[in-house]
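Next come the structures, one after another.
In the two assemblies presented below, subunit A is common to both, partnered first by subunit B and then by subunit C.
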Partner chain A sequence: MRLEKCWFCSSTVYPGHGIQFVRNDAKIFRFCRSKCHKNFKMKRNPRKVKWTKAYRRLHGKDMTQDSTFEFERKRNRPERYDRNLAEDVLKAIPKIDKIRVRREEKHHKNRMKGNKAKLLKEAARELEQGINLVKPPSVLQKDPSLTLPQIKVLVPQQQTEENRPMEE
Partner chain B sequence: MGGKCPHRSVKKRRYSHKTARRTKFLHKGDDMVYDELKMPDEEKKPLPLDEDLPGMGQYYCLHCDRYFSNVAVRDEHFRTKRHKKIVKRMMGPAPHTQLDAELAAGMGMPDNGPKLMSM
Partner chain C sequence: MAASFASKCSRVGHSLFGGLGNSLSGLVTTSQEIICNKFLSQQQQQQRSFIQMRTVLKVVDNSGAKKVMCIQPLKGRKGARLGDTIIASVKEAHPNGKVKKGKVVYGVVMRAAMQKGRCDGSEVKFDDNAVVLVDKQGQPIGTRVFGPVPHELRMKKHVKILTLAGHIA
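Moving on, here comes the complex of A and B:
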């Protein structure tokens, strides 16, 4: 029994699931669900569809180079059954899985590094531009004590506190 | 492609898009065309005479997998936008394959074992 990979999205195709298309040159295309099959029939390129693994790999969204990827592979030769080996493999699987998950988390964290500062900056700019949506300029002119001075004091300090006037 | 097509709800006037459907199923895949283009020139066979095809199957566009009735029509085809688009796409990276899908899924290269016979 083999767990094949989907041609389109690279997810695992378990027995009894998905559909298989054999082209007239005997090439086999396996699909994990009708979504992938339909996308194939529309002649879409998996490298250009954002939710596929191929896209995510190509654009640095997922980890690419790692030693944990060397274990799972298609083995086109029969292996003689060895009880000790099978036991060792079963023991190693959860360990390797744990290591891979940890490395993937690290990769994700690394990728998202500069994001928080960027988000804060964008939020601050939006607040500055859209402050009139919360308080019309005429109100601000009449009673400057409402929000404007509060912001002026808060800007040089912490940027997170700037969001307060929006919550009102 | 497709041609004249009355509204689908009018049962009497429906056309069967035989030509459209035929091209859909007989069309070569991207990877087949790519492989054929990559083949060295010596391996390419001369086009066989086939009286069922337009122009006895002698005027063929490899990129678009189409036969034409004569040289003039084929050269006209070479100037179309569709053809140029396909040519451009074929110049790029190789089309997606099952191996690419497996590598993207976190699998290693397939293990075929040692070569049994040295040829």
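Moving on, here comes the complex of A and C:
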């Protein structure tokens, strides 16, 4: 029994599932379900189809290189059955899965983090524009403590520069 | 074949009804329904079917024939599948080969476009329909076989053909 990978979406094909297509040049394409098979028949390139693993790896959405992937490499040499080895492997599989999932989550978090400087600038702009939601403009003019200081740039013509203390 | 087509008709019919709502419920006649369904099923999937009388198959050995037309599938009410034997008539042949055009030969189906279920539950299908010509005893006429060859031949005791094969699928 062998767990194969779907050619299109790279998910595992368990025994009893899917279709194997053998092309005349003897290349075998395995598909996990008819969705992948139909996409293949439409001659779609999995690297361009957004929900496949091939696309995600190519565009850096999922992690590509990791030592946990070494454990899942395809091995063509059958191993002589050893009960102790089999037991150890069965114990190790959930551990490796946990580590891999943890690393994937970290990768995802790093990807979603965002540029700190850009976020601050956007936040400042939003505060400046949307300050009317906090207090009406008439009140703000009387009490300037809520507005951000207006920074005027010195242009080489006669213009006054307002120096207001930065208030947090 | 007919049974599967009928069941497909009924399934598509139900979805049609669901989509159209109550507007046409009383008015659609059975003949119209069948026409609608046939149009839809032709659009959706290419249905691959058995190898039956008049099916043209490619010959993938060096026996001299190029194309044969099936005249009788041995075994099977609806037709031959992967690994079955057929009786065929040679339609196209190489000019100097063991087999000439018009000869009636036996063949073993090597590749079938229709999917065949394997014992582990998965299904295999090939790109085209291909045969290898054999004699009445089941021994191949040619000496070489081209292209991928399925496992199924082992169960059918066509071991000789498997040994000649370059690639076993």
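Criterion: the second predicted complex is superposed on the first by the 114 of 168 C-alpha atoms of A that agree within 3 Å, B and C clash if a C-alpha of one lies under 4 Å from a C-alpha of the other, contacts with A are read in each partner's own complex, and residues count from 1 in each chain.
We adopt the following convention: a contact is a pair of C-beta atoms (placed from the backbone, for glycine too) under 8 Å apart; a residue touches a chain by one contact, two chains touch by 3 or more.
Please read these numbers as outputs of a predicted model, since none were measured by experiment.
Chemist: Of subunit B and subunit C, which one contacts the greater number of residues in subunit A?
Modeler: The partner with more contacted residues on subunit A is B.
Chemist: In the overlay, answer first, second, both or neither for which of subunit B and subunit C A:K121 touches.
Modeler: After superposing on A, A:K121 lies clear of both subunit B and subunit C.
Chemist: Looking at A:H17 after the superposition, I want to know if it touches subunit B, subunit C, both of them or none. Which is it: first, second, both, neither?
Modeler: second
Chemist: Output check: A:I28 vs subunit B and subunit C. Expected answer is one of first, second, both, neither. What do you get?
Modeler: In the superposition, A:I28 touches subunit B and subunit C alike.
Chemist: Given the touch rule stated above, what does A:K5 touch, subunit B (first), subunit C (second), both, or neither?
Modeler: Touch partner of A:K5: subunit B, not subunit C.
Chemist: Touch test for A:R75: subunit B only (first), subunit C only (second), both, or neither?
Modeler: first
Chemist: Of the residues on subunit A, which ones does subunit B touch that subunit C also touches?
Modeler: The overlap between the subunit B and subunit C interfaces on subunit A comprises residues 23, 28.
Chemist: Sort out for me which residues of subunit A touch subunit B in the complex.
Modeler: 5-12, 23, 25, 27-30, 43, 45-47, 52-54, 56-57, 68-77
Chemist: Touching subunit C in the complex: which residues of subunit A?
Modeler: It comes out as residues 1, 13, 15-24, 26, 28.
Chemist: Okay, in this complex, where on subunit B does subunit A touch?
Modeler: Spelled out, the residues of subunit B in touch with subunit A are 29-32, 95-96, 98, 100-113.
Chemist: Over in the complex, which subunit C residues touch subunit A? Could you list them?
Modeler: Touching subunit A from subunit C are residues 111, 115, 120-128, 147-148, 150, 166-167, 169.
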